[in-house]
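Contents: one structure, followed by commentary.
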C-alpha cells in the first residue's frame, strides 16, 4: 500500500464530493457524483477490499449514476444551490 | 418441529411477500387471502415461541448451523416474544380493516401494497428476534424502505413528507450503523451476547461511550423523540389510511424496544443506568417531548394530525420511563409499548374510518358522528379513555407504573409532565366528543336535515368496524390482564 | 516528537477523511434546499460510513482476502489476509444505499410532478399559499 | 438556519475527531477487529465451504441470513419504485409519431389520420427527438453480449475471484439499461417486459429463501447448506460450496431484474414510454 497514492486519492474524493454538492447544474452534480463513487472504488481497491471495490464500481459509478441522470431528465436540471 | 418455530416467523412472511408480488402479475384474487394466512401463521408461530419461552427461558436459533459469534442467531427472550405477539396481532387487525380501503385507493396496485406491508412486518419481526447487531441494521432498512414507499403513496403532500422521512430515517439508520461500527472496532464481534461479554472491560474508553451514544441518537431519530421528531407529523398525517394503523402503531414502538434491548442486552444495566448525567438528560428530554407533544396536539384541527402529536408525547413516556432506571419505570415503559401499540392502532383505525366515510377527519366535520357511526365512536371513546388513562383501560396501568417509577426515582418533573399530558388529553378528546355528540344541529336546522345525515354519512364498512371494536376490546382486556403480563413476562426483562 | 506526529498522522488520516466526508454529507442533507442535492448528500454520508468500516478492516502487509492457490496444505496465517468481515458488511451497506437511492429518486420524481419544482423553499411557499 | 446547521455539523465532526485519538491504529494487525472473529473466517473458510474467496464464503454462508435480507432490500426497492411511480392510465394525445426505420424520417399523424400499416418499417415513438444514432446502436449491439457473458462469468466465478451474484447481477442489469439507453425504452420493454422482470425479481429471492427452506425441510436448520448433501450427492463441504453457487444465482437473478425494473420506472417516471 502506497500512502502517497492513498492521500492523493483521498484528496480527490473529498474535492469531488464537495464539487458534487456545490455545482448548480444537477446533471453535472450527478456526473460528479459518479466520479466520486469511482474514486471511492479506487480507494477500496487500494485498501484490499476488492469485492467492495467491484460492487462500488458497478453500483455506485454505474447504476446509481444512471438512475441519477434518469431522474434529472425526468425532473429538472436547475438548482438554486 | 417446535425448534424451527423462530425461523418460520421470518420465512413465512418473506416467502409470502415474494409470492404475492409474483401473483399480482398473474392472478390478483389471491393476494389478500395469502396475506391473511401469512399473518395468521406467523402469529401462531409467535404464540408457540412465547409458550416455549415461558416454559424454558431464552430460545436461541442458529441460522446456517454456525455457532453464534460466527454465524447469526435468533435470540428470543420474554421481551422479544411479547413484542412479536404485538407486531403480528396489530398487523392482522389492520389487514382486516384495510381491505376495502386498499381496493378503493390502489385498484391496480393492491398486490404490491400487500407485498410491501408484509415485507414491512417481516422487517419488524426480524428486528425483534435477531441477535446480531448488524443484521438489525439490514432489517431496519427493510422496514424503513417499505415504510417510505407506503407513506409516499398517501394524499396531499405525502411524497414530500415521505422524502423528508427518508432523509431523516437514513441519517438515523446510518448513525446506528456507525455506532455498531465503533463497537465492532473495539471488540471485533457483532453478536449481541458476545458484545455484552466483551464490552465491560472497555466501558471507560471514549470510543465505546461514543458508539453507545451514536446508537441511541440514531434510534431517537427513528423513534421521533422530541427535538428530532420533525419528520413524523407530516408523514403520519398524509400516509394512506390503509397503512396508517400498521406503520403508526408499530414503527416507534419497535424502535423503543430496540433502544431497551441495546441498553440492557448489548450494554449492561450497570453501564446504561450507571451514568447519572445521561439519565437526567434523557429524562429531561422525555419531559420536554411529553409537554411539547401535548401542547402541539392542542393546536391541531384534525384527528389524525392530533394523534401524531400524541404519539410524540407517548414516545416521551416510554423513553422517560425507561431512563428512570428503576424496576417500576422499566416495567411501565415495556407495558406501555404493548398498550400504546394497541391504543394507537385503535385510534388510527377509527380515524381511518372517519376519513373513509367523511373524506376528511377535521373536527368540524365530525358533528353528529355519534348518531351516525355509533360503533366506530364506541371504539373511539374507549381508545380516548385509554390514552387519557382511565381505569380499567390499559392506559391507566402503564401510567400507574410510570408514575410509581418516577416517584421512586425522585423525578417529580417527569410525574408532573405525565399528569399534565393526561389533563391535556382530556381536553383534546372531550372537545371531539362534544362536537360528535352535541353538535347535531348546526345553524339551527331541524334534526332530520342535520348536515351529516344529508351528506349520507353512515356507519363504516363492516371490516373496519369489527377490527376497531376488537382493538377497543383488547384495550380493556390488556388492562385487566396487566398483572399477568407483569408477573409472567416483564418481570424477567429487568 | 516529529516522528510521533508522523506515525499518528499515518495511523489516522483515513479516519479523518471519513470525518470530512461525513461532515460534507451531513451539511448537504441539512443545509441544501434542492432535493436531488440532499439525496447526493445522503449518498456521500453513506459512502463515508463504508470508508470507515473498510478502514477498520485494513491490515498492514496483508493481501486481499482470497486464499492463494497452493495454500491448501499449509496452515493459513490469519495475519496474511485482510479482515474479510467488514467487506461483507459493507457489500450489504452498498446494496442498501442503492436501494435507498432508488426509492428516494422515485419520491423526488413524484414531488416534482406535484409541485413542478425541486426546491424545498419553493414547495413550502406553494403549500403555505393554499 | 445555515449557521446553526454548520455549527451542528462542525460539532459532530469535532466529536468524532476527539474519538479518533483512541481508535486502534489504521492497518494494525493486532487491532481487536482483526484479532477476534476474522481469524476464524480466514482459517476455516476453505475447510468449511471449499471457497477460496473468504468474502463470498462469509457473505453467502456464515452470514447468509444477512445476504438474504440484502436481496430482500433490493427487491423491496424495486417494489417500492413500482408502487410509487407506475401509472397505468395513458394520456390520450391527438397526435401520434411514427418513425420510418430505414430513413429515420418522423411522421406526425394527427387525430383521424391513417396509421402506417407496415409494422416492419415503422416504429411508434413518443417525442420528435428520439435518439436513433446508428453508431451508438451498432456499438452497443456489439458490446452488450460481451457484457452479459462477463456478468455470467462474474456470477459463476465468485467462489475464486472477486465478484459474485450481486456484482454479476448489477452488470447484467446494466447491459439491459445500456440497451434501453442506446435504443429506446419501448423496444427494451418489448424484449424484457415489466411482468417478466417483476416475476424474475421475486423468483430470484425465492431461490435464495427456498434453498434455505429446503435445508430446513431436510432436517437441519434454515440456510444450513450442508443439509443439501444427499440431494446434491456430494459431501457436506462440497454441498456448502454448491449451495453458495445456487444462492448466488438467485441473488444475480433478483438484482438484475430489480435494476432493470428500477430503471424502467425512474427513467420514464412510471409511464414506460420513450424513457431517457
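Order of writing sets the labels: A, B, C and D. Residues in every chain begin at 1.
By definition in this document, a contact is a pair of C-beta atoms (placed from the backbone, for glycine too) under 8 Å apart; a residue touches a chain by one contact, two chains touch by 3 or more.
Given the structure is predicted, the values throughout are model-derived calculations rather than measurements.
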Open item on the list: Quick check: more C-beta contact pairs at A-C or at B-C?
Closed with: A-C
Task: Where subunit A and subunit B are represented by their mean Cα positions, the distance between them in whole Å - done: 37
Task: Separation of mean Cα positions, subunit C and subunit A [Å, integer] - done: 11
Open item on the list: Suppose each chain is reduced to the average of its Cα coordinates; what separation in Å results between subunit B and subunit C?
Closed with: 30
Open item on the list: Taking the mean of the CA coordinates per chain, how far is subunit B from subunit D in Å?
Closed with: 32
Open item on the list: Where in subunit A do residues touch at least two different other chains?
Closed with: 1, 50-51, 55, 59, 63, 67, 70-71, 74
TODO: Could you list the positions in subunit B whose residues touch two or more of the other chains?
DONE: 134, 138, 141, 145, 148-149, 152, 159, 184-185, 190
Open item on the list: Going by the contact rule already set, what residues in subunit D reach two or more other chains?
Closed with: 16, 23, 27, 31, 33-34, 37-38, 41, 53, 55, 63, 66, 70, 73, 76-77, 80-81, 84, 162, 166, 262, 266, 269
TODO: Take each protein chain as a node, join two nodes whenever their chains touch, and name the resulting shape: line, ring, star, complete or other.
DONE: other
Open item on the list: Going by the touch rule stated at the top, which chains touch which?
Closed with: A-C, A-D, B-C, B-D, C-D
Open item on the list: Help me check something: in the complex, which residues belonging to subunit D touch subunit C?
Closed with: 1-2, 5-6, 8-10, 12-13, 16-17, 20, 23, 25-29, 31, 33-34, 37-39, 41-43, 45-46, 52-55, 58-59, 63, 66-67, 70, 73-74, 76-78, 80-81, 84-85, 160-162, 166, 262, 265-266, 269-270
TODO: Going by the contact rule at the top, pick out the subunit C residues touching subunit D in the complex.
DONE: 10-16, 19-20, 22-23, 26-27, 30-31, 55-62, 64-67, 69, 72, 75-76, 78-79, 81, 83-89, 91-92, 95-96, 98-100, 102-103, 105-107, 109-110, 113
Open item on the list: Touching residues of subunit B toward subunit C in the complex: what are they?
Closed with: 134, 138, 141, 145, 148-149, 152, 157, 159-160, 162-163, 166-167, 170-171, 174, 177-178, 181, 184-185, 190
Task: Parts of subunit D lying in touch with subunit A, wherever the complex brings them together - done: 27, 53, 55-56, 162-164, 166-167, 170-171, 173-174, 177, 181, 259, 262-263, 266-269, 275-276
Task: For the subunit A and subunit C complex, residues of the former touching the latter - done: 1, 3, 6-7, 10, 13-14, 17-18, 20-21, 26, 29-30, 33, 36-37, 40, 43-44, 47-52, 55-56, 59-60, 63-64, 67-68, 70-72, 74-76, 79-81
